[in-house]
Every structure is written in structure tokens, then in C-alpha cells.
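Before any comments, here is the structure.
So that you can tell them apart, the chains are marked A, B, C, D and E in the order they are listed, and the count of residues begins at 1 in each.
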Amino acid sequence: MESILLNVLIFLPLGAAGVIAALPERHARQAGSLALVIGLITLAASLGLAARLPAALAADGPDAQVGQVQRDWITVGGVALRYHVGLDAVSLPLVVLTGVLVPLSVACSFTAIRARIREYYAWLMALAAAMFGVYAARDVLLFYIFFEFTLVPLYFLIGIWGGSERRYAANKFFLFTFVGSVLTFAGLLYLALRAAEIDGRSVIDFDLVRLSTLRLGPGGLTAAEQSVLFLALFAGFAIKVPLFPLHTWLPLAHTEAPTAGSVLLAGVLLKLGTYGFLRLSLPIVPEGAVAWAGPMAVLAVAGIIYGALCCWVQRDVKKLVAYSSVSHLGFCMLGMFSLLPIGLSGSVLYMVNHGISTGALFLLVGMLYERYHTRDLDQIGGLARRMPVFAFFFVLFVLSSIGLPGLNGFVSEFTVLLAAFNSPRLGPWYGALGATGILLGAIYMLYATGKVLFGPVKEPVGTPDLSGGLTPDLTRREIAILTPLAVLAVVLGVYPRLITDPLDPALKSQILARLEQAAAARPVVAAQMGPAPRPEAIFGEKDRPRVAAPRPKPQVVPVAQRGGPLR
Amino acid sequence: MLIAYLLVGAALFTLGLIGFVTRRNLIIIFLCTEMMFQGIILNLVALGRYPLASAAAGPLDGQVFALFLIAVAAAEAALGLTLVVLLYRYGRSLDAGTLTTLRDP
Amino acid sequence: MENLLIALLVLGALGLFLALPGGRAHLARFAPVPLAGAGGVLAAVVLRAALSEPQRAWFAGLALVALAAAVRVVTHRRPVYSALYFVLLILAVTGLLVLLEAKFLAAALVIVYAGAILVTYVFVIMLAQQATAASYDVRAREPFWGCLAGFLLLAIVGMQLLSGGAATAAGPAAVGTVAEVGTRLLTHYAVAVQVGGLLLLAAMVGAIAIARRKPAADGDGGESAA
Amino acid sequence: MTPPIALTALLPEIILAVGACAVLLLGLTPGGRRLAPWVTLAVLIGSAAVVLTQRSLTAGGSGLLYGSLAYFIRIAALELGVLITLVNWSQAAAHERGEFLSLLLLSLTGLLLVGAANDLVMLFLALELTSIPTYILIVMGRTGARGAESGTKYFYLGALAAAIIAYGFSFLYGVAGTASLTAAVSAVSAALQQPGTLAYGLAMTGVVLTIGGLLFKLAAAPLHFYIADVYQGAPSPVAGLLGFVPKLAGLAALFRIVLLTGHWSAGVGPVFGLLWIVAVASMTVGNVLALRQVSIKRLLAYSGVAHAGYMLVGVLAGPLALSAESGASGLLGNGVASVLYYVVVYGIANLGAFAVLGMLRTRTGGEVETLRDVAGLLRREPAAALLLALAMFTLMGLPPTPGFWGKLGLFGSALAAARVTPIAEHGPWLIALVIIAVLNSALAAAYYLRVIAAVLLYENDRPAESAGGEAPQVGALLCGFLLVIFAFVPSGLLGSGLSATAELSDATLAATPVHAADRTPTRAAPAESARPRVFPRADGEALAVPVGRPALE
Amino acid sequence: MMDPTVARIERLLRNPLVLVTAAAALTAPVVLLAWLLWPWYGGFVQGLLADAFWFPLLFMLFVLVMILNATALCILAERKIAGFTQDRRGPNRVGFWGLLQPLADGLKFLFKEDIIPANVDRALFLLAPCLALVPALIGFAIIPWAGEVRWPWMPADAPAVSTQAASLDVGFLYLLAVGSLGVYGVVLAGYASNNKYSFYGGIRATAQMISYELPMGLALLCLLMTAGSLRPEEIVAQQADSGLWYVFLHPLAFLLLLTSSFAETNRAPFDLAEAEQELVGGFHTEYSSMKFAMFFLAEYAHMITGSALMVALFFGGWHFWGLPGAADTSWVAMLLRLAVFVGKVVLFIGLFMMIRWTIPRFRFDQLMRIAWLGMLPAGVVLLAGTAVLTAFGLERNVWACLALNVAVLAGMLVYVGRSRRPVTGRQPDLPAVSVGAV
């Protein structure tokens, strides 16, 4: 049952993409509806999977997976590549987020997209399939394949339906991410080879669990190898995140992309980078991660501040939201590389929250653009009077994005900064500098809100353009799009444990324990990680990491238990 | 003695190569490849006549190879001269330097 | 020995560079000097050895003729002469082959090369060559770099050959009688003979097909398949 | 003297050769000309059928050796031959169709023989038989001076390369004292280990010259400069052929030569340094030059140079990467298998792209060549546009296209070779090579994207349109179909590539010094590692697919 | 009109008695001197003649001299035969029956002004006649004139000496190789003369010679397959042993070789290269005096070589039924054999001449068509058939060979009979000729 749901999640959109592309001309208008239906089905499937998680956790412990599917795909002399997917507590929130955002992005395109409709929805569906695939993949190569495959649909979404500089933006987006990910590819290859060598197997595979439980210390990967491998993974993921000096593709891509593209890009695709760091870099090369945590945090902080400053000077509201993503994902990375439990869980939470609030902001900007055909802050103003409903949502999500307590952004921002302050690996200066990002965020967000919503009404000539069934304020369809996100923003602001409760043990057993292992295996790493953080930095005594405690689980999981022998 | 033959062969080959690179007349250029073949033939036969290995299994292989080289050279000559004539009909010139319709932008 | 080789090569390179057609008519007059120098050195070396054995004298003479003819092939400004010097080269090589006991090959070389290939060359040159020397025949392309690269290659190969010291024939020497070559050719290389036949067939078909083309039907860019 | 080879072993080649003659004769009459492409197709399929019945054939003699490698090359050449025939169905002018198709068949015959050649003479002749028809095909495929110029350039440089190869062969013959390749292995590799002797000098010169000449067939730098002109001047379907036939021939020959030098078994000889430099130069030069092209044909030509560079990575890694002792080498340890897979996939993708170009005409009836010509193709010819995009993505190596699996094998085997092989002493260089290669494949994405963008993103009032001709369309679609199949079910082809190298692996293993493990220098090993260099097989997990058994079909 | 003195001398020379007397008077002192001095140098000569190395060379020299003389005689013979064919007398002024005509011709050539035109390529212009003559002459080296001989003064255990200058392993390939060089003379003469007619002659000669070498080679291959050897002396010996001349086995191959020989010698009906009416002499338009004579010599030397080759390969060489065979090494037998050989050659030369004066010249396209569409396919079929026969061991079976030849001939005739190609062979793509205009 679960595996069917997961298959639905990945293959239904893929099949739908084909069907939509092949729709006859006269049914072109049904493409959107069909896509929406598919989107809703995937949403239901992701929710269904989420609902099965508690039971699975209860049964199998924190590493439990729902919807596991495992098939041999390519089994050629000495290489075994499996189609192995499954969702655990770490990936499930992101899958649900994707499940939510996909139908919303379909729905928001109904009026915005007028040309080449079938193609558009086909690519959108393909993108959805790829995104689900990335999060579900339990095989590193499979992960990489889905990771790369997301580029193609998005490339077309930006390149065909984007703004005036869409082709340049699409190319830049594609090339940047591709350059990074080929290096990652080389790293993964080397990793798999070394893993087989270390484990003494004659068959090379890319099993995620096997790689992330690889022997550490003597006989395992050397420190230098770990460092280099971390850099190789970094190349792909950091560009995707994007970390500070590698972010230049992002504002362009965001600005030029159609609304749905921006939403999915900000909401889901950027998380592929952070998810990659979390899923691959940290557990597979923990020593490398520890060694590079400092520079990573520096980049994260630089991104936070640089992104915020860029936002401040933007006149294009969409670009502003785009730069805010740079800033926000800096927080995400900062939390992650604090290497503390709360940092990690805050980071994951941040991913979800950023997806909700920034996705919503892009939706709102898109709705604005549809009416006014401009995103220039100087050309519009005082819209609160014209569009009260719009103003409500706008303010809500801006506040969520700033991190107003009670809304979702606050929880994650707070935990992330807390972790940064307390991280023995980083030190308080990182937290302090990161905190200025919140301040700057409040400034630029509120400044933009003020310009758009308040003050004298200012509209470009000939607008609002109400063709295509729009109304001056938001239509019911648009409200229906925004409402779920608003609800989520509030719910997660009030009750973040919805996510963190299953998440924390999973992170602990999969990632933190791995870091501990690394520290235990090599004194250098332990020294780099520093002493255990102060207890008050941790929510509750029971979560205190036991640095030297032996793990109850065996280090190397026998193949037989993980899904039987090969073939 | 072997080395003397090999050196003569190498000299012929190299002279052919130099001609191939420096001359501009298509026919001469092709003649130069034929000259390279002469060097090769000399090489092959000399190495078959003065074998290095004490139990050379195919002392005659060199001559057979040389025979085939002659055949190949004949085939190439037929084709090459036809192409030259064709180009000459098109361009009224045998200048390799004028073959520039196709080139990098 | 190495020093001698280098001297030879330098002289040869200089001479060839001067002799190659180019805008250096006043210098080209001096080309024979280094070339003759090289030839003289070569002749002296070989002849010294030749005194001990008549075969070496034959070798020396034929090799000198071959090399001189080769130089003329490369440097002559008139294609017909190049082709004729090539015939001379072929004859010299034939002589060398006879010295090497490859008589069948020698006969084949003359029949095929001198008798067929070179005649065709001359034929084509006559067809396509104007009476006056064409501009592209009196101007070489990058003669300096060509000579330099070529003689460097020759120097490298020569060094490789000379580095091993004197070689003595260790194995059974090949004597290319018709019967022996023919036996090898038609037993072990029987398939290769067939392949050679296919090769000639391909070249023949191609040459005929190409020769049929007429520039009058020139529709550049458009293809004949419609 | 070895007994002559049985004629039945040669049956596929005989069928091709006789078929070529038959097609040539058919070209004499109008009715025959209509029939000629069908006969060509039938000949290819018939030959392939015979090959399939001979899959376990092991035969030698008469300068030929039929083993696993020859089997793979036969199958690959014949299958691609069918595609090439379809794409070139009506390429030449009607009155020349018989000649055109028979030359095509002759070239494929040569390719088959290159795969089986076990003798310097045979190898040289087979290489020539492969090449010479291609020179003619270029000229015959179209009228006008461009074809003639292109063909002439290709021909001249091909003749030069043939001379260089032959010169190299002559030295190798001298070292070995025989033209037989199997007999020459020990002599040549031994000679390369004794610097200062005449044999060493001869062997060194021979190897360098031979490989240098073969680089021309591969279109690898620095012998790449002709290739763009040739592709541009050649008609598109013929250019598609040029991306496969000479490359596979060159590679097959290169395998034999590299095996001869003992590079794979002992890491000796000039092969490593030479091919390393060439690989890096090819990738970089090819990609950089491709970046600034506006003609898709030139772009694909330079991309072919880059791909030759990638293939050389696999050649360097050799067939024995992971385990020199156990004889087991999986795909990621077997660079040669990856190269074989890659060249087939590259051939199909390249052919597919050129088939699309060949199928189309601009509105003015001209040949489709520049990016501008194909702009907005999606609207007018969606299938062609998608096929072109698919081909580009494959060439780019985007997962999960077959090009990606190829790069997986190529780069993986190089990395594996850097760890545990006879050539592990070159480890750091191999790793550097892989990094350069992946960066290059990213660089390459830039120009492939330009094509994709032109086809799918741009609009054009006067897009190119199909010029008709059903067979080329079938051929193009078949290319696309195969690409999709190999994307999702690559195991078969990968496995057959793997089993194709059993022959080379065995030969390498036989030539490897007895204690291969001892040869591996300790500096390649991590300091703290106490594990043996060779993978033990004692953990109960045998190889998933034993090497040497064809996994195809 | 004629100077009376000259007329008187002419009349005198036309008297055969005077001629014979003069000749005797000229040669008698020489012979006498040689006889008188014999004791002084006789041993040396005998030694030379008995030496296995020097005798063939001397014999070769002798043959060369004889051929040069024979060429002169040939010119006379040619003119006589022309006269005979055309029902006239031919040269009959100089000497009895015109016998001194060659002498007169030679004198004429020698004393004519040697002109080198202004715009010729001097080096090639001078080189060309040499290149024409030399290959024609050195071909004789491998002709086995008369088998082996053992002089009476030779010790009994000494090996017999051969009348063949060079016994080469490559055999008649040598002849082919040397013969193939002959074309350069003609081609270069045409090119160097810087004259359109000469040039066309050169071009024609090249094309013709290349074309006709192929059927020639095929014909020789047929023979090679039967004989299993390239050595002419061995081929002759085979024929002498069996008494079966190879012409009986391979008549068609012989015809091919014969035809090719005509073409290779540039003689009518294949004298397109010098066609006087079209090309005013073709390649030798610009040549005069001795250089012209050298071309002339080359042509006749070619003819003699070709005849000798055909005699050796197809007509049993020195063999004639009833005459002593190779085993008989007495000098009488040798002279007999030589006489037989020379006689056969003379017959061939006569044939050459007859044909020259009876068959009209071909047009160039016809010439090409004969080679490529007629002789080449026939040769190929013949070769294939011979190969099949050889495979079955029937290569010396006269009936099998004749059957093959008959079959090929029949096939050719049937093909020719059914062919719709117009016999005039006009190029189909030439513009139509309006009948009325002719």
C-alpha cells in the first residue's frame, strides 16, 4: 500500500506529463485541470504517506521508512544500481511540502500561462516527479539522477514561459547547477568505489544506508579523502542552495521564471541543496563536514547578510523575494553546520518554512504581476486599498518570512540562531552576525510592504489588466491557493513539533550519531567539534548527546537485513 | 646495416612529412605521402632482412606488408588524383590554401 | 655518431629550408651548399664503411640518390619535375630493395609505382598545370617551422635508433623470392588479399563515381537527392 | 604456421562484401536502384543474424581473431549500420545510389574486420577499408564544391594518418619480428621495459607513431583540426556515420595497440603520458572550440573531439581496474567496456542528431545547418525537435540518458584504476583526469544547451520543415527509441560491453606480472590502511554478473 | 635533273654483284686479321665465352648490337611490306632491292640539323628520347635466346653457359617493370615540347599505355598460373619438354597479349599518340635528327622485345618439333635454337608490320573501349576460368583450356551480338549531328 503511494508520487506525474504532452489540440484547455487533479492526487498520496509515519516509527525506530520500494535496476558485472526509494522522517516533511506546492503552482498558472499550455503542464508534472524522486531516493546514484533531472523541466519552464531575459536566465541556471553537480558526480563515483573497497565487496553499489554507515577512522576513508569528497559534494549542493558566492544564478532565474517556476524553485528545488548536505555530506563524510563546518558557516553568514543587503536595494519586488531566499537559506546552512541537534532540526524546519512563506510570496508577486505587469516598487503603491485580501495575505507571509513569533518562520529562525550561538564548532560570533540578518530582513521586507501596500495608490497606466477572468482583488481561485499555505504558516508556527517530533530522533540516529562516531574514531575530529554544548542549548535533558556512548546498532548493516542480497 | 636502412627510411618519411606540411600544391602534397610510404617500405623490408628477435616468426611479413602498402597506395592515389581533378574542375586551382570554404567562423 | 647525426640533420634542415620554394630567391641559390655538405658528410661516412664490403658501396650510392631525389621532390618548383624525381626515388628504393633481397617487392614497386601511379600523377599534372609556375608552387607554407618540426622528428627517431648501439641480425633473414612471398601471401594472408581486393574495389568505384561529377551541375548546398 | 581460419567464421564479412557487390550491380538499373537500399538492409540484417548465431565463436588464424571483442564490434557495427542505412536511404543522387550503398557496406566490412584483426597487416588494411569509402561517401552524398572540399581534406589527412600508422606498425613489426599481434605482445612489452636497447627505441617510436596516427581516426586533439570542416562539408547523414564508424575502428585498433604495449598489464610504455595529454587536450580543445560555433554540424564535430577525449579516459583505465589478481573487473573497473558502451551510445546520439538535420530543409530548400535554421523547430516538427533535444541531452551526459551511464563507467573506471590496478602508480594523474573530464562535460553543456534552446525555446516565423523521406525518419526515430531504451535499460548494452572485453582482460591478465598485487606501489594506498590492495571475494558475495558471459539479449 | 655522278653511283649500287663484292671487300680484311691473330687472343676469348658470368653479358651485347642493326633492317622491311601491301615496290633506289636504304636513312638522321625549339623545357626535351629508348633495350636481358651451350673447348665437368643475360627470379615481371617505364619517354616528350599537338599525343599515350597494361597483365597471369613460374627460360623449357606451346592452351590470352603489345609499342592501329593526320606526329612533332631516331629505335626495340616475349611465353621460345632440345648443349644445337627463336621473332615482326599497314587506326574512344570493355572483362573471365582449371589440376590439359577459351570467345561474341551499343561508338552525350549537314 505504502509503496504504491510512493510509486504514485513519482510515476503518476511522470505518466501524466506524457499524457498531457500528447493531448490532442482540442483538449489543450483540459491540460491544466488534469495537472491539477494529478497534483491533488500526489498531495493526497504524500499526506497518506505522512500519516503512516508514526506507525512506522513506532515499529521500526527512528530510521523507519514508509513506502519503501526496492528493485534492482542496473546490475552489470560488479555494479549494482538499485531503484530504491523510501521516505523517512527527514524527507517526509519536504515531500509533503512538495505535495502541497505542486497543486498550488498548477492552480496559479491557469490564467498566467496562455501559450503552449500542454507543454507547460507536462514539464510541470515532470518537475514534480523529479522532485519527489530526489527526496524519496535511497540510493545515492538514484538521488543524483533525480537531482539532475530536475534541471530539464525547470530549464524549459524558465526558458519558454519566463520573462524577457528568460533564455539567458535558463541557460545560466542550468549551467551553474550542472557544473557543480558533475563534480558531485565524480565525488560520488569515487565514494562508491572506496566504499566497496573499504567494505571488501566486489560489487559496487550506491546504497545510501551503506554509504552513510561506512567505516570511519582507520581503514575507512582518510581525512584528506573525506575533505575532498566533502568539497565535491559541496560543489553540487552549494550551487543549488545557493551559498553566497555561488548564488548569482538565483535572482535571475527567480525573476525570469513564471510564477509556478519561482514557487517550486524557491519552495522545493533550493532545498535539494540543503537536503543534499544533510542527507549526504554530513553522514557520509562526517569528518569532512566537521573540518569544513567553519568555512561553511562563514559562507552562510555572508550569504545571510549579503542577501539581505541586496534585498534592501531592490526595486523589483520579485528579485527582492529572490534575494531573500539567499539570505534565508544562509540561515538554513548556518543551523546545519552548527552540528547541533537543534541546529539540524531547525534547519529542516527552516526548509519547510521557507518553502511555505517564500513560495507564498512568489505566488503573491505573481498575482500582482498578472494584474499590473510590473514588479517595480516605484510604479505601484497603496494597493491595500484596492486589494485588501491581497494585502492581508501579503502582510501575513511577510511577517512569517521575517520570523514573527507565532508564525512558522520564527521557530526555525530562533532554533537556528540558538544553535549557532551555542555551537562549539562555530562560536557565538556566527550567531551574532546571523542575527543581524533577521534585523535586515525585517527592514527590507517591511520597507517593501510599505511601498506596495500603503501610501497613495499608484498604478501603471492601463492597469489593472483584468483579462482572463481576474478581479481587482484576488479571485476565489487565488484565495484558495493561498489559504492552505496561510494555514500551514500558522499551524507550524504554533505547533512545530508536528515536524520536529519524528524528525529529531531520525536526525539523531542518522546524522548526529554519525558525527559522534567520527569524533570517536579520530581525536582530531573530536577536537574540532569541541566540547559538548551547554545543556540549556538543548531542548530537554533527554536529548543531550552522549558523545562517547557506544551505539547500540551495529556499524555496518548486513546486506541481508537491508533488503536481501543483490539481485 | 639495419640502422643505416632505418635512417634512410626515416629520412624519406620525414622529408615526405615536411613536404606534406609545407607545400601548397595538392598534387605535390599527395606525392609527399607517397614518399612517406617509400620510407615505410624500406623500413619494413630492412627489419625483415635483419630481424631483431632471435626467433622471428614472420621474416617475410614485412615484405607482405610492404606489398599491401603498395596496393593501398595505389588505391589512395586513384582516389586522391580523382579528387584533385574534381577540385580543379571546381576551382581551377590546385592550391591547398584555397580550400577555405569550410572553416571556423 | 650522435654528433655526426646532429650535424647532418642541421645541415639538411638548413638546406631544405633554403631550397623550399618561398620568397627567398637570393638565398635559395645557396641551398645546394648545405645540402651538398650534408650529402658529402653522409657519403664520406658511408663510403668509409663501404670500403670493406661492396654491398655497402651500392647502398651508399643508392641511398644518396634516394635522398637527393627526395629533397628535390619536396623542393622543386615545378610539379612535373617533382614527379620525375619521384620516379628516380622509386628506382633508387628499388635498388635498395634488391640489396635487401626483396626482389619481388622491387619488381612490384616499379610496376605499380613507376609504371602506374606516377604515370597517373604526371598525367594529372599535365592536365591541371598551367605552363607558367603557379603561385602556390613558388611559395611554401611555413617552410621554417615545417623544416624544424620535421627534422626534430627525424632527430628523435634517429636518436632512438642510434641509442641501442649496433644491432646484429639475430633471426632468420627474409629472402623475398616470388615463391616464398607468394606462399606467405596466399596462405597466411589469403584473407588479407581479399580485403586488399575490396579496398581496391572501393577506391575504384569511388574514383569512377567522383570522376563522373561535373561542375556544371553545381548546386552548392543543395543536395542531389530530392 | 597457424591453420587458416574457417570460412564460416568469416561468413558475416563475406555476406557484407558480396552484398556490397550485389548492391553495386543493382545500381545499374532503375529498378535495381529502388531495390538497393532494401537489399543493403537485408544484407546487414542477414549478416547480423549470422553473427548472432556465432556468439560463442572463438576462432583464429589468417591474421584474424574472433573472440568477444570482435563479437561486440560486429554486432555494434551492424546494428548501427542498419540505422546508418536508414538515415542514408536516399542520400546520394539516384544514379549513384548503388555505388553509395555498396561503399557504405564496404566501410562496415572494414569495421568488422578491424574488430577481428589480429595482425598488423590485417589491421592496417581493415582500417583503410573502413576509411577509404568514407572519403568517397562525403563527396558522393552531395553535389557541389563543398562536398569535394570536405572529402579532399578528410582524404588528405586520412592518407597522412595512414602513413603514420603504417610507419608505426613497421617499427612494431621490427620489434616483434612478426606481424601477428598476439605473438607480438610479449616482445613489444618486454622491449619497452629495457631502455637503452635498439628494441626499446623501435618499440617506443612505433607505439608513439601508431597511437598518433590512430588519434586521427578518433578525431582526437591534436589531429582534430580537420574534423569540423569535414562534418560541415559532408551531407548530414554521412556526417552522422563519421561520428561512429571511424571512431569505433580507431578505438578497436587502439585497444590492440595498447594491449601490445603492456600499459594495462604493467603500466609501462609511453601510452599513459601520451594518452593523458591527448585526452585532456581533446576534451578541452573540443569543447572550447564548440562553444563558438553557429553551425550545428561544426558544433557536433568539435563535440566529437571532446567525446574522443572522454573515451580515451576509459582506454587509459584499461580492462582490469578493480582487481588484477582475481580477474574480476566490474563495469566501474573496466574502462574498455565503458568505452565500448560509450562509443555505441555516442554513435547513436550523433547519428540521431545528424539524421534530424538531414531530414529537414529550410524554407528556401537549403540544408539545415545553423542554429538559426533549427530555431523554433518544435512547433513545425515536434518529433524532430524532441529527438534533437534528446540527442543533445545524451551527448551532454545528463542523467538518466545513456550518455550518463557511459560517463559513469568511463569516469568510474578511471577512478577505480587510480586505486587498484597495475597502473595505480599513475593514480593522482588519473584522478586529475577525471576532474578535468567532469568539468569539461559541464562546459560542454553550454553549447548543447544552445542547440536545445534554439530548437525548443525559440520561436521562428520560418522554421525548417521536413523534406520527406520515410526511411530517414524511421532511422531517426529508431535512434531516439534506442536512446530511450538505453536510458532505462542500459544493463544489456553495458553488460555486453563488459563481456566484450573478456578477451582483452584475459590477455592483459596473462601479460600481467605474476604478483600484480606486489607491483602496486604502497604510495597509492592510504597510510593507515592495512587492507590488501585487491578486493577479496571471500565475503560470500560473488560477482553479480560473471565477466565473460554476454549479458545482452 | 639528278647529278649524273650520283645517278651513276646509284645505278652501280643497285647491281647486286657490286654490292656483294663491296661487302666482301670490306669485311674480308677484318676476318683475315682476326683469323691471323687468333693464337694471340683466342684463349682469352675462349675463356670469356666459357665463363658463366661473362658469356651471357657478351651475348647480350651481341644481341643489342644486332637489334640496333635489326632496327635499321626493320625500317626497310616495314617500307617493303608497306609497299607490298599497297601493291607498290617500296624503296628500291638505294642499293639492290633498296637494301642500302637503312644506311641512307641512318646517314640522313646523323647529318640532319638537330633543332631544339625555343620554348621547350630543355631538360625534359633532351631526357625524353633517352627515357624512351633505354627501357626498350634493357628488356632483352631476360629473353632466353637459345638455351644453354657448352663450347667444344670447355672441360667436360664445367657447367654449360646460358644465352640469357639475366636469369631473374622475378622473371617477366622485370620485363613488365621495365616496359612500364617506357611510357615516360612519350609522355615527357609530349609535355616538354610545349606544343598542343605534342601535348595531346603525350596525354593519349599515357592513357593508352596505362589502359593496355591491364589486359597484358591479365594475359600474363593466365600464363603464369599454367606455368607456375615467372622465369621465361623455365617456361620455354616446359613448352619444349611437353612439346605443347602455350598458345594452344591460351589462345585468347595470347591474343590479349598481342593486342596489348601493339598498343604498348604505339604502333598502328594504336598509334593515336602520333597520329600524323590529327596530331602532326604527336609527341615527336618537335623532334628531329638523332632524337627522333631514338624514338624510332625505341618503337622498333619495343616491337622486337614484345615479339621475343611472346615467342618465349607462348610459342615455345627456341623449341621446334624435331629439333634438338635443351639437353643438347652443343653449339650447333644452340645456333639452331637461336635460329628458331629469331625466326619466330621475325615472323612476329612481320605480323606487326602487316597489321600496321592493313588495319585502319582506331578512334580514341574506340581504343579505350576495346581495352576497358572488351579486353579487360575477357581477361578477367579468362583468368578466373584458368584459376578454376588450376584448382582442378587441369591447367595443362589442352582440351579443358581450349574449352575455356572457346566458351569465353563464344560469350564475347554473344555479348557483342546482343549489344545494342552502336558500333560507331559515338559518345552518347555529344550533340546530335544533323544528317543533312554531312
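What we mean here is this: a residue touches a chain if its C-beta (ideal position, glycine included) is under 8 Å from a C-beta of that chain, and two chains touch if they have at least 3 such contacts.
Note that the structure is predicted; figures quoted are calculated from it, not measured.
Could you tell me which chains are in contact with chain A and with chain C alike?
A chain counts here if it touches both chain A and chain C, which gives D.
Of every pair of chains, which is linked by the largest number of C-beta contacts?
Summing C-beta contacts for every pairing gives the maximum at B-C.
If you average the C-alpha positions per chain, which one ends up nearest the average over all of them?
That would be D.
Comparing centres built from CA atoms, which chain ends up most distant from chain A?
Checked the centroid distances; the maximum from chain A is E.
When the C-alpha atoms of chain A and chain D are each averaged to a single point, how far apart are the two points in Å?
The mean C-alpha positions of chain A and chain D differ by 41 Å.
Report, in whole Å, the distance between the mean C-alpha point of chain D and the mean C-alpha point of chain E.
56
Using mean C-alpha positions as chain centres, tell me how far chain A is from chain B in Å, no decimals.
Result: the chain centres lie 63 Å from each other.
Could you please state the distance in Å, as a whole number, between where the Cα atoms of chain C are centred and where those of chain D are centred?
32
Multi-chain contacts only, two chains or more: what residues does chain C have there?
104, 108, 116, 120, 127, 157, 161-162, 167, 171, 189, 192, 196, 199, 202-203, 206, 210, 213, 215, 218 - these are the residues of chain C that touch more than one other chain.
Could you list each pair of chains that touch, in label order?
Touching chain pairs, listed by label, come out as A-D, B-C, B-D, C-D, C-E.
Over in the complex, which chain A residues touch chain D? Could you list them?
Within the complex, chain A contacts chain D at residues 73-80, 141, 144-145, 148-149, 151-152, 155-156, 159-160, 166-167, 170-171, 174-175, 178-179, 182-183, 185-186, 189-190, 192-194, 196-198, 200-204, 218-219, 222, 225, 559, 565-567.
Across the complex, what residues on chain B touch chain D?
3, 9, 13, 16, 20, 26, 29-30, 33, 36-37, 39-40, 43-44, 47-48, 51-53, 55-59, 61-62, 64-65, 68-69, 72, 75-76, 79-80, 83-84, 86-87, 90-91, 96, 99, 101-105
Going by the contact rule set out above, which residues of chain B touch chain C in the complex?
1-8, 10-12, 14-19, 21-25, 27-28, 31-32, 34-35, 38, 41-42, 45-46, 48-56, 58-64, 66-68, 70-79, 81-86, 88-90, 93-97
Tell me, which parts of chain D touch chain C in their complex?
1-2, 4-5, 10, 17, 20-21, 24, 62-64, 90-94, 96, 99-100, 102-103, 106-107, 109-110, 113, 119, 121-122, 125-126, 128-129, 132-133, 135-136, 139-146, 148, 177, 196-202, 204-205, 235, 365-367
For the complex, which residues does chain C have touching chain E?
80, 84, 87, 103-104, 106-108, 110-111, 114-116, 119-120, 122-123, 126-127, 131, 177-178
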